[in-house]
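Okay, so subunit A shows up in both of these, paired with subunit B first and subunit C after.
Presenting the complex of A and B:
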């Protein structure tokens, strides 16, 4: 456990997935990697597999079709992992709250699977890249 | 040769949005391709039936984060078509400015992602660096980087002041040079030529047959552009031309997008210069009469179509959205066949797909089991509905056979 805690102090590898989002937060996540914000200088790196990730960046409200996949990805991520809920949709399902296809905000869905899940909420539609960086850093501080 | 199925997605590092491709391959060649979507369905059409006419633009701009002015634009055009009102000149030109800013940032986004897909991350970083400046202009003019909330039926919500107009003009003129540099660099690069030329060819006939839209059709020599074919109020008086390329491969689609950026810059300049002093920015629609209206607008990816039906109340009775990717998606059947697996990811990205826009239907039963609707199932649903309506109305079933 201590080794894992230690690992969070260094470079954070993140896996990004979008569960019924509007694409905007996804683009803003990519925006973080481009020269203006360039989070790779802090060691935050986008990886291709959840098995390599320290943190999951989840954009969007969760719909019924994406829910089993989200849980599958969460199970594959090594624990302890940080889950970052991006945007209003990730935090509270936002404007899509009343829709028939939405099964609930991200925290509700994940807490059914794992009650101890650690979630950072970054509200905004879409959150500004500066807010995203701050959110991730604060989340790491909390762990 | 033995056929193998290679799954791509739904959460694949190359795909920004969740979608699932099934590639049927023989050796290295793709012989058939299947797309499964539904991971992004949010029931927007149904939600919009519970919102008032003025609230719907906020919802439809969240259909997609990249075309977040095209959907409200098409919706507003549909409501204006239904009401039959004229938009003040200043509002028309403000709409042109916001829409064209969005087009530039969307096209630069595609260029960057295409570079990323062929493993040429320099192009990605370079294109997105300039895209950031466009977003800065957006933020200054509208108040947000994306999701501008500028449009309402009858006009726009916010006016530009003198300072914003000067800033926009200055920055957009500055942008022409770096985008020219980027375009020339990409069009001269031998590696990009080798990777993109002759790949995923969509012939003119196929483009017409599949009703491809936007840069996908214009890259194949079909000059379809709603802004031009059905002149919108703002675009009528401005000078610009439709960019068409003949080859139909991924390279032509890229060239169309890059050259369109310059047309957009020119449109923004003309619109900002000719913005009339003062005046109303809103036609002030008080009541929406019963009836129906259609709105068509050229999003960066192609034509967006919105249909609204009113029963005279303060909410739409029915709202239908058709996004360009819905038409462009089936062109994969023509353009992906016979290509190698390495090129398929690029070809599927070449139409600039937007699955968030496209997903209008999902079927999920009570036990959370998914169901895929094939053509036969959709036909059956339609026939069943007609039958039930007939039963309700007490009409006799038709003489011809309605069974499938």
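Presenting the complex of A and C:
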């Protein structure tokens, strides 16, 4: 079992989910796949289906429209899984906090669904690629 | 006892998985280097499988539970059997039997059929689009490949792996003739499609179907599928080596690397084709080329 647990840290498949972000964070995520930052070195890759995912990368302040979708995707992801709250919006709803449509922040919404969800916070508007890599590595240390 | 050893350890399950997963790494590493990236470490394939085994398996409500778990295991078992038959003949550990080349080619089709079963019972609309594409792809690449297999077998005078290899040992490798070169090119594209790699990754289509036919697989079920795909990445080039080269371990390894390089370059330089293009391509150009090779083979050039 130990070796399986260790291999979990060496192979993180990420599903990227946007819950009402301003789209800038979504663009920044792609930077991780470029030759300069190449996260495949650490076994991280983007996958197309939440069923394959080990980490949900959630960008954006959660609004009323996105909340049921977010919870649906979270329920579809096989556990154990890590949730990455990405950008200021993901951490705290950011500049959209007082908007009429916002029901977030992300951690509040997810904790209603599953009290022991594991969340990593990566602040920044948008975060730098170095910050993203560090955040994910620290999150793996905490598992 | 001996058969069980062949099947489970060498050259069966353990040997083929290790080589297959290393080949998966080679594939990802070379692709990364082509794109000027660093690429994953050598144990990446093993880590992926270990990780998937660690995770929970979710079975969709619509799916028929035990079938959903058993189908990829069937696929895995049949691929291992195919690789065992191939390698046992290649390393001259046994005689083989008449018709084994056909048996091996259809054993390699079972993972695809298992996937079709899973995809169509999983109740996911994107999966069913993937299923229809997988069926069409299966039908289209089979035709040129069967023409080639029949051609090589009729050259050798028998449908057995051993006699195809013996014939080449006496008369020179198939690939040293014109008909061999043409049919080798056709066969490379056929196994590219059989492995479901770009440009023929239509059933999975990461970006448009969100991994389509694989969409509902998770945890151990996905691990069984990934492992059978890795073993196929070892087994199908092996199949070509037997058809076209036939002798010698050193030459076999070199040809294996050449085939891998070709597969990786095709993967990295092509966009995904549409399903009607793929069918037209295989039933038109590729089958035409295979028939041309057959005519050349009849005249012995």
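The rule we apply is simple: the second predicted complex is superposed on the first by the 136 of 143 C-alpha atoms of A that agree within 3 Å, B and C clash if a C-alpha of one lies under 4 Å from a C-alpha of the other, contacts with A are read in each partner's own complex, and residues count from 1 in each chain.
Quick note on the criterion: contacts are C-beta pairs under 8 Å (C-beta built on N, C-alpha and C of every residue); 3 or more make two chains touch, one makes a residue touch a chain.
None of the values given here were measured: they were computed from a predicted structure.
Comparing subunit B against subunit C, which has contacts with more of the residues in subunit A?
B
What is the contact status of A:63 with respect to subunit B (first) and subunit C (second): first, second, both, or neither?
first
Quick check on the superposed pair: does A:48 touch subunit B, subunit C, both, or neither? Answer first, second, both or neither.
So A:48 meets both subunit B and subunit C here.
Between subunit B and subunit C, whom does A:24 touch in the aligned arrangement: first, second, both, or neither?
The answer is first: A:24 touches subunit B but not subunit C.
With the two structures laid over each other on chain A, which partner does A:78 touch: subunit B (first), subunit C (second), both, or neither?
second
What residues on subunit A does subunit C touch that subunit B touches too?
Residues 35, 47-49 of subunit A touch both subunit B and subunit C.
Could you list, by residue number, the parts of subunit A that touch subunit C in their complex?
Interface residues on subunit A, with respect to subunit C: 1, 3-8, 10-11, 35, 38, 40-41, 43, 47-49, 51-52, 54, 76, 78-80.
Which residues of subunit B touch subunit A once you look at their complex with the stated criterion?
10-11, 13, 16-18, 38-44, 46-47, 50, 58-59, 62-66, 68, 109, 112, 124-125, 128-129, 131-132, 145-147, 354, 356, 362, 364, 368, 370
Spell out the part of subunit C that touches subunit A in their complex, as residue ranges.
Interface residues on subunit C, with respect to subunit A: 28, 32, 35-41, 43-44, 46-51, 53-58, 206-207, 209-211, 214-219, 222.
Can you check the complex and tell me which residues of subunit A touch subunit B?
Within the complex, subunit A touches subunit B at residues 17-28, 30-31, 34-36, 46-50, 60-61, 63-69, 73, 94-96, 98-102, 125-126, 128.
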